[in-house]
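Think of it as A, B, C, D and E in the order they're written, each chain with its own count starting at 1.
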Amino acid sequence: MNAPLLEVRDLGVVFATPRGAVHAVDGLDFTVGAGEVLGIVGESGSGKSVTLRAIPRLLHANATVSGQVLWRGEDMLALPAERLRRLRGGQVAMVFQEPMSALNPVLPIGQQIDEVLVAHTSLDGRARRARAVELLGLVGIASAAARLAQYPHEFSGGMRQRAMIAIALAAEPALLLADEPTTALDVTIQDQILQLLLRLVDELGMALVLVTHDLGVVAETCDRVAVMYAGRLCETGTVGAVFGGPRHAYTDALLRSMPGTGTARERLVPIPGQPPRIDRPVAGCAFAPRCTHARPVCGTERPRLTDWAEGHASACFAADELGAPLVGAVA
Amino acid sequence: MNRSTWLLLRLLQVIPTFLLIGVAVFVLARLLPGDIVSSMLGERASDAAINRMTHQLGLDRSIGAQMLSFLESVARGRLGDSLAFHVPVLKLIGDRLPVTLLLSGMATLIAVAVAVPMAFVAALTANRWPDLLIRSVFQVGLSSPVFYVGLVLLTVFAGWLRWFPVGGYGDTAGEHLYHLFLPALTLALSFAAVVMRSLRASILQVLTAEYVDFARAKGLRGRVVLFRHVLRNALIATVTLVGLQIGSLLGGAVITESVFAVPGVGRLMVDSIFARDYPVIQALTLVLAVLVSLALLVSDVVQMWLDPRVGR
Amino acid sequence: MRRISVPLWLGLGILALLLLCAAAPQLLWPTDPLAFDFAALTAAPSWAHPFGTDQFGRDMLARTIAASSVDLQIALFSVVFPLMIGTLIGLAVGWYGGWLDAVFGRLVDLVVTFPFLVLVIAIVAVLGPGLVNMYIAVACVGWVAYARLIRGEVMVQRNSDYVAAARVLGYSTARIVFRHILPNALRPVLVYSVTDMALCILLGSSLGYLGLGAQPPTAEWGVLIADGKNFFTTAPWITLFPGVAIVLAGLGFSLAGDGLADLLEVKR
Amino acid sequence: MTPPLLEADALTKHFPGRRGLLDMLRRRERPVVRAVEALSLDVRAGETLGIVGESGCGKSTLARCLVRLHRPDAGVLRFRGTDVDALSEADRRRFNRQVQMVFQDPYSSLNPRMTVRAVLAEALAVHKVVPPDQIEGRVAALLDLVHLSRDAAERYPHEFSGGQRQRIGIARALAVEPSVLIADEPVSALDVSVQAQIVNLFLELQERLGLTLVFITHDLRLVRHLAHRVAVMYLGRIVETGPTAELFAAPRHPYTQGLLRAVPQMAAGQGRVRRAAAITGGLPSPLAPPPGCSFHPRCPIAEPACSTAVPALAARGGAWPVACRLAG
Amino acid sequence: MMDTKVPVSRRALLGGVAAAATVSAFGLPTPAEAAPVLGGKMIYARYADSQRLDPVFTELNVDIWVMNNLFDTLLLPTPDGKGLKEGLATKWELSDGGKTVTLTVREGVKFADGTPMTMADVKFSLERAMNPKNGSWNSMVASVASVEVTEPATVVLKLKHPDPTLLAALAMFNTSVLPKAMYDKIPGKDDDEKGKIFGQKPMGTGAFYVSDWKIGEVMWLKKNPYYWKKDAAGVQLPYLDEVEMPVIPDDATRLLKLKAGEVHGTEFIPYARVKELQGDANLRMELWPSTKVTYIQFNCRPEYKGKPNPLSNVKVRQALNYAVNKDAIIAITTHGLGKPLSSFMSSVTPLHTGSGPVYPYDPAKAKALLAEAGFAKGLEITCHALSGNQDDQNNLTTIQQMLAQVGVKFTIEQMDNASRVAAYRKGDFQSRTAYWTDDIADPSEITSYFVYSPTVDCLHTGWKSEEADKLFVASQEEVDPAKRAAEYAKMQDIFNHTGPTMPLYETPYPVAFRKNAKGFVQIPLGNNYFEAAYVEK
């Protein structure tokens, strides 16, 4: 495998809040190779979105980020502001979950594309306009030229998401960070957007990091997956390996709890308890309180990420009990 | 609905508002107690003189008839004569209105010129000392009564230091600005505080908006993010507020003009209330209300210009 | 529990001081605010009269303290009546909507176009000067702001699922409006009312200053300033301390209001 | 076959859109959001009926019509054969005791200023479900029923997680001992790991109490798991309805087919797969639904005739009704 | 003043002879150090603007006090306000047992626009003033039956009966001579309408004319180049080219402007500030004697608001008078500038009698009187004050304190002017503050309002003395000065000791000028004279 495009090492994010420090992300490691699609899955509060935003340093002043984010070997977290700015939106672009709130409501779409081109290219006005039309066409927006003058509220939900993707693609990034890009959309539109993203990855040779809470989306869209729980990385590996034989009790339980896997109207196998709170530090494994495989050590010691196969690693003391294919869950 | 029709409708909307204002003003003025005529003529006037004057003013007709004739004359642009000065009310107001407009305009300018940069500094240093300092100063400004501030400024800067003239209005344009500076400053104080608070809050809110993060993610320069994305959006709410505040501003002018002996409509209002000069009170309330609704109109138009979502 | 911020502490502190002044003036400074002292007419601040005396030799500290109860009363009554009236009307408008809302909308347009102070002054001119009439005037105008706030809240709450649930459970309209919606709609209004009190103190003292509010010999800060206006250059202490008191009271209420707003920011 | 417990007959619900003054002057008609359009449906005692559709298809409006939160503009809603619209006020309440609702958003569906006890006790007291002295005991029983600890009674909604709140909402609906529960997206706001708990709760309650359940959702996996029968909605109408397993196995309406294809499948789980999008285009505006079959602009097999006549929901030679003239 | 008008007083005119022939300007109060500076402008800030500068129709001091700069009357008041001197008439004679007045009119007088004044103007002006439909001053000349003029310069007034106040009335503003020709050209259906227009831009034979007027803001008076008067040195009056009169209602602001040198002089200095201004080296504080009296008036009707009214008892009224220490009030309210009243009328009003306070401070006597009247346990009285009036407030606050000492609970009711006036006219008050200024140099005006019940029920108090009423009627036709003086002495005695008022004090007119602004005169009737004013460089 080539040197990874992006390498995240021991990433930590702590938010200072009036009620004390919140450890949103804790000791996270993962890599993204060129042209690769990585899915980061987790439930709300698992830190997946924070992770994504920490990469181009988009978190606000109340967040403290530690660790390293190596972009082609260079630590983005230590980059001077101007170089970081050139990287953002240039090599590393991002799309957000809610296009309605991520697009500036008072600027026409054309201008929102144009300003990226001004920031990252040396094109003249006419060329930028042509490029903007081309970009809208690329993401499947019809009569692109007329649409440039329109404002976000004049677009439908799916169209807005396409427009945002067009903006992100403007400077031909090598990596696209997508934060739940389809969560706000209907399933048929989600399908369209996901297929659009995959097409772009192939055609433009981009890498894509796709954050989502939907295991199904990951299953159909990603090459590799990273599963997060309570700010920590549980398991990472190819989609087939992780979903086919999870090596972390949380991944395992999550997959088992999904409906549509067993017989209709049978009881599901829920994960007991409630999602974790991350405003207090956890000594051992964060999942231990809800884990059916928990052992005494899980409550006291933090499991380290261990490789189980080429590119498949998990951080679970009970990993040896797991790994069997889930009957009926995944073909 | 496109924006020009929206604008047209917004303009048309002014008409029923004006009509309502007219009725409200009439009712208000007619409620004034005390026999206005005997108040006008003084304690020594004869009953005959009072009856004569009452008849002349049409005050012996029915309320409904008085209202109709009032509305009719308003529609014809005739607001009657001042009972005290015996000149057409419109002339009286017309002479003073520019003064008050200039005063309010200067106050608005001063307030905005001070509040906008300060709001920026405060928002960008939220909860650190520059923010706390700015907020404290403005908070005190907001809590200070106009009449007292006016008295202090007048005494210190005009009376003792002689930097500014003591009230009045002057004769030339330059003198107008010079004379109105202190009153405008007085008036601007609480206005600036309101604008600053609101703008600071909007900026803080906008700073957390996703589109600002997205703008940063696009690799835009800090300046571009701040002005194109943050300020413009933050101003939208503030523009509405400024429009709504014009009313308070004119209210403040009532007091400020009295303290600084500025010959504007605010002082005329106070004088007329004490003199029970009905036609003037009526016309002034009408004019002030119309002014405010025009200010609201302007702020709506500005808002439309700033915010493409309006009117669609 | 959220932490109470420094500004809120400060605001509450100021208000506590004012309340103390209003409740137990004798405790703080036992001098009679109405007693003349012919030996000390317009005397500068001294140990005997820390705030000086006025032209009657009345102790300004005692008068400033005595005035606090009147100004607090202004703050309270100028808010309570508009709040009550506005709440009831806002509830009705927000719940029934329709033409009622349309009428209300016009009314709001109308009231918004009249400068508040000018309108209050005009109404006070109608009714005659004095505190009671000022309350009436403020209530006539002020309820609109409260009704508007409540209306907005009710509109939001009305469409919320818990209200739908209450309707599905067959609860009566009165129960839904008063037991379910009102307690939820009231919070922003209460927060606003605290800030409003700051404005009302300014309004009350402005009217007092113009001779339309509290009537002498009632000690009210604005009236004290108006009384001392002629001594502004020769005996500035007569106006200075009531002026400071107004600023302080305004500050207290605004800080408390802002702090409360932060503290009570609706949590779900 | 037992007669339906709850029966909608050509229910129609329109909402007035915004009309400007200018539109009025031009005598333009007030625009109408056609949320539910002549929709017929029946719910049989003891069954779970799943209603699926994308956002904006009118499924929430339908749910609210079924509990009489909305009064339909046309059509009849019958409960045990009685026209609900014709009921007196008191009888209407009795109807609502029978037909209760569980809401989507566990955050807004609970009054933030009432404790759990107050919420439950109020329902019990207003409907005099039990004598006042037994309310306390019944509250505890209800909490047990939804697997909440008894000390939950003293707490306020914001002290609970989303899943727990949804349990409170269910307990509130159950307090009046209904026979039908209309659940509008009851788990879509919950985390995946919690969804299963609530789904299980529904299954358990249905068994224990013999409840009839109308389960409304956009999540096909849930419907497939829970429902005996399913109805697929598109733009205010039901386009296909039938027994769940069969329908999912062999959908007949092109929309149902596309929808099923668009759902990401865990079964695909070997990584990224590029293919054509299942359905192109977006949902048309319910203010101006396309003429004829409202799906025809997005339909891969549409013919010119599809844009003229609205296809009726009919068996068309199959085992269950479908509203597509091309369905075999 | 609130009680609106203040006409020029004139006083019993003692025969026509009194006024000598000097035509000089009012004596400059300052010793004439240097020659006056000619030309230039004086800025004189007023507290309120004029409203209608028409001698017949106006009621307001703000009008009356400036009109003598614009118009002349046949006779003029002397600077002390008690006597008469030549005006447009150079000689006057009574004949026919006081029923004919013959005046010789000055020749060569011109209006400010250069047109000569004619006898037609005189006749017109007098008849306009006499017209009972015009304004409220016609009663002052009601005794005139006819006005006859003979060219070139004689006017003969035939009276219905002898009138001791008539000559004073000929020095009162309402008999000012107006330009008939100009007036006739003004459109309007009656004198009221025409007068409204005339009053906006009036012109007469006075020292100045109104050159421009921004109503409510500022008025400019320009020199009348044709003015008939010269000073003692023979220099043409007025000295000034222009007088600018800005209106600044706020006392503090007006004084700041004076101190800052932005105006040369200003009126209505608050008593509280007089001492301060006296100490200012740049300023000259002037206190002109005035006829202004301040008093409290009591309702004497047996009932007030349906309840028995203790004030109907003369002993109660006397008790209240004794209970109030006027010296203390003078000290507090007027900062020592006022004087205690020795009668209801001011000491500069002609025929004033009395010396020393009417009711010396005697709380013990007050208590005794209250006990006699049956109020040993005290009583409650309300008083209507004018809201916003500092003097009212100061007076009443002090009175409240003092009355409390004798067991009287004195409640102050602040009212706005309109309501207060309305209540006054209806007699719907228990007690109220009030003040008075004479308009004419004669005691008949004030006496008719205070003492003579048919006029306005004795200040609307319901008080009545038949004896005093008779005395007044007699005095109105009494041509013997001594007898008339005796009648007035008696009326004052009755009113002062049983009447419906509590006299508080009389006060001067406080006016302040920059040291370099000189020559302004204000007479006891309030008239402002700028004809001899000038500004040193």
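The definition used in the following text is that contacts are C-beta pairs under 8 Å (C-beta built on N, C-alpha and C of every residue); 3 or more make two chains touch, one makes a residue touch a chain.
The structure displayed is predicted, hence computed values, not measured ones.
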item: Shared chain contacts [chain C and chain E, defined touch]; value: B
item: Number of hops, chain D to chain E, where each hop joins two touching chains; value: 2
item: Which of C-D and A-D has more C-beta contact pairs; value: A-D
item: Interchain centroid distance [CA atoms averaged], chain A/chain C, Å; value: 52
item: Whole-Å separation of chain centres (CA-atom averages), chain A against chain E; value: 92
item: Junction residues of chain C - those touching two or more other chains; value: 125, 128, 210, 229, 232-233
item: Residue list for chain A, restricted to those that touch at least two other chains; value: none
item: Touching two or more other chains - residue numbers and ranges from chain B; value: 32-33, 151, 155, 159, 258
item: Touching residues (chain side chain D, partner chain A) in the complex; value: 48, 54-56, 161, 163-164, 191-197, 199-200, 203-204, 218, 220-222, 224-226, 228, 244-245, 258-259, 261-280, 282-283
item: Partner chain C, residues of chain E touching it in the complex; value: 251-252, 270, 272-273, 276, 328, 331-332, 387-388, 390, 393-394, 396-398, 400-401, 412, 414-416, 419
item: Residues on chain B engaged by chain C in the complex (per definition of touch); value: 16-17, 20-21, 24, 28, 31-33, 139-140, 142-148, 151-152, 155, 159, 244, 247-252, 254-255, 258, 269-270, 273, 281, 285, 288-290, 292-293, 296
item: Touch list for chain B against partner chain E, complex; value: 32-36, 38-39, 41-46, 49, 82, 84-87, 92, 95-96, 151, 154-155, 158-159, 162, 165-169, 258-261, 263, 267-268, 271, 274-276
item: Residue numbers on chain D that touch chain C, as the complex places them; value: 64, 67-69, 92-93, 96-97, 100-101, 103-105, 107-114, 122-123, 126-127, 157-158, 169, 172-173, 176
